[in-house]
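This is the structure, below, for whatever I ask next.
When the chains are written out, they are named A, B, C and D in that same order, and each has its own residue count from 1.
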Amino acid sequence: MDKNKIKEIIAKRVAKELKDGDVVNLGIGLPTMVANYIPDDIDVIFQSENGFVGLGTAPNEGEENKDLTNAGGQYVTIKPGAAFFDSATSFSIIRGGHVDATILGALQVDEKGNLANWMIPGKMVPGMGGAMDLVVGAKKVIVAMTHTAKGNPKILKECNLPLTAAGQVNLIVTEMAVIKVTDEGLVLMELGPEATIDDVKAATDADLIISDNLRKMDVD
Amino acid sequence: MDKNKIKEIIAKRVAKELKDGDVVNLGIGLPTMVANYIPDDIDVIFQSENGFVGLGTAPNEGEENKDLTNAGGQYVTIKPGAAFFDSATSFSIIRGGHVDATILGALQVDEKGNLANWMIPGKMVPGMGGAMDLVVGAKKVIVAMTHTAKGNPKILKECNLPLTAAGQVNLIVTEMAVIKVTDEGLVLMELGPEATIDDVKAATDADLIISDNLRKMDVD
Amino acid sequence: MSKIVSMEHALENLKDGMTVMIGGFLGCGNPHKIIDAIIEKGIKDLTIIANDTAFPDIGLGKLIVNKQVKKVITSHIGTNPETGKQMNAGETEVVLVPQGTLAEQVRAGGAGLGGFLTPTGVGTIVEEGKKKIEIDGKEYLLELPVRADIALIAGSKVDKKGNIYYNQSTRNFNPLMAMAADTVIVEAEELVKVGEIDPNDVMTPNIFVDYIVRGEE
Amino acid sequence: MSKIVSMEHALENLKDGMTVMIGGFLGCGNPHKIIDAIIEKGIKDLTIIANDTAFPDIGLGKLIVNKQVKKVITSHIGTNPETGKQMNAGETEVVLVPQGTLAEQVRAGGAGLGGFLTPTGVGTIVEEGKKKIEIDGKEYLLELPVRADIALIAGSKVDKKGNIYYNQSTRNFNPLMAMAADTVIVEAEELVKVGEIDPNDVMTPNIFVDYIVRGEE
């Protein structure tokens, strides 16, 4: 599958997790694409941790507003009914459980729902930004990522990179699978359009429980 | 001296403690009168702990605004340049040391600068309101009160009523005296218009150190 | 689904025995119409968290007079003699909290904090039963967050999505409480179209508001 | 005494080696003109507290590139490769803090709190060296307040008394930092008369502002 197709599958599938009225924070990169696949008949409120709810689409060229950027520093727009606030309020919203879902990428996720996505010691240390607060505070943590990195599994028995948070991930969505994090371990719930159980097992380091209701991912 | 004259002396003398640009919180009752004696050439900013800076005078009759009351629940006005905020911000201002002086009444004050002004067990329990935060947070705590209550001293060796705060009072202004709280004890700095040293000593339970620079209170 | 509901519908969420935050300061910024409806409905055994108990005939003070409150957590009861009377008679439990601590406790409840350290109350009876922690040689009390089942809020302007604007000194505890309860009901003094409140000037973002009731005369 | 001063006058308050908070989020809401003046003046060995280090050629990122910073306390350095390079070379000390914790630390610094308990960072390297406190069976980190010698703020509209209004997403850390420093300098994108900002809409009350410098083009 080509890269764009992979991203589209993941974003489409994650979009189906969101309900009318949900307050959602989208991480930078792939998660941002989820906004493109929200059905018209439901109203999802996007939170931007730099200080507002009611994040809209990217502005038309030439209509950028220097005072209106998202948490990635890109120009954005707001929807009617938006509201601005300071960073302490923004993270009160996040840490206080007022965000229904946070969708973010990962370097590694493991069987206990541990997440590593903010540094590779000695290599890449961008900092955690708002990720640690988001993962601890959001009611539902959805990891949206490619199933492997350069062929290496990212879903592990145990993360070996520094954690973003311990035991907070609820759902993992990749182009190959939808995996639920439970007290019993990782449960394979859905298979990607082109994946078999064996494919997923081969690309996953962690143990997988196969759901009795295993089905194909709905990515129409 | 009659009651009004006593209050006027105290309020006039306290007003002289305030400087241009000071942020000041006035307690209910006598302290409120201090605002009447600020010289025209200095700009003192009054904070109202229910949520604004820039408190003005009482409104003219018929011009009361139901949305604009002070911490005593009375209708007030604001001055140009006022700003409103919520109660958490209001007490961030107070506790964070952004109030230069708080002026409040007392039931008892003692040699260590302890203050009791919020309850008499079994008799009167109005609650502390914002007083505990104000006394701990303001840079300067000025007690403005009559020297005695029904002839009984209010400036004691040690408070026996429940404290509002320990060791926070800086200055005591009564109709009889201006007394500074120091590490060495209470220092009598100024005498009221009609008081002698002996009068003050007789009306005070605490030990008093007489300042070398003892002078008459300036209440013109 | 519209958040704008009848008073009756909104109050179905408020049951006997619940813990209720009520915004306002000595009546200013109290949700007066909701309070009147609670009195009419006779909901009882409430635990009220509020800055004060207002006056006997104004604002939430009326709930005290009408004996619908079993416990009050507040900073001041001096303006409502009925609260003190019921406290002394053992009819109503009163927990007195310094105002700044109460505001910060409500904020912490909404902000997902486990507590905070305040210098307020050190060396007074407020410190009884609380953990003391020394930071850089200064003593602080560890105060815990406070939350409620329901918050009753008064908004000067509320848009149809639930964004709230508070006029002047009506703001006080309202925006803090709107973040610290499982269900939030706002009484809109003026109900406006979405967009009439500038997004910069929204003081309580719509995401906190569950129900809007009309408070216009 | 007017708070409106020349850039030169304002920057007399900023000395080599000081700790400086700078408002803004990836350049948006940075006080750009003040930053340019610091570069021109060559003030050095600064400790910067800011959400991020912006970009190499935008906002406070330029101070890093120009090697005027000895330490940064921040949540994110990924957008400015120069920060990482200097960190790896041992030239600049970088302390990474979760964004919500940093915002709350600055707020606590201004609010007179001794610290707060946050669930963020539990079970990660962020907890190293910090006190853990359990409340109701849940673990929290005790995080301490942060203050600075100077805060450099960017206001969209500033009145002559120093009341500040921040437009849209320029607000971010600015109002928090304006409360947490000994001296506060605001760069006014638009300087307006007292009264032009509605008292309800003031986001930083004038009492926090020491100096106003003009930021208009």
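By our rule, a contact is a pair of C-beta atoms (placed from the backbone, for glycine too) under 8 Å apart; a residue touches a chain by one contact, two chains touch by 3 or more.
The structure presented is a predicted model; accordingly, all values stated were derived computationally and were not measured.
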So which chains count as neighbours of both subunit A and subunit C?
D
Of B-D and A-D, the pair joined by more C-beta contact pairs is A-D
Using Cα averages as centroids, what's the distance between subunit B and subunit D in whole Å?
35
Between subunit C and subunit D, what is the gap in Å from one C-alpha centre to the other?
32
Counting in whole Å, what is the centre-to-centre distance of subunit A and subunit D, each centre being its mean C-alpha position?
29
Chain centre separation in whole Å, for subunit B relative to subunit A (CA means):
55
Residue ranges of subunit A touching at least 2 other chains are 52, 78, 84-85, 91, 94-95, 137
Shared-interface residues of subunit C (touching two or more other chains) are 104, 107, 111-113, 118-119, 167-168, 199-200
Hey, which chains are touching each other here?
A-C, A-D, B-C, B-D, C-D
Looking at the complex, which residues from subunit C come into contact with subunit D?
104, 108, 111-119, 133, 135, 138, 140, 142, 144, 165-168, 199-201
Of subunit C, residues touching subunit B in the complex
25-29, 51-52, 55, 74-79, 84, 87, 94, 96, 98-101, 103-104, 106-107, 118-126, 156, 167-176, 203
Note: in the complex, subunit B contacts subunit C through residues 48-52, 65-73, 78, 84-88, 90-91, 94-95, 114, 125-133, 136-137, 162-167
Spell out the part of subunit B that touches subunit D in their complex, as residue ranges.
20-21, 23, 45, 47, 52-54, 78, 80-85, 91-98, 137
Once bound in the complex, which stretches of subunit D touch subunit B?
1, 107, 110-113, 159, 161, 163, 179, 194-195, 199-200, 202, 205-208
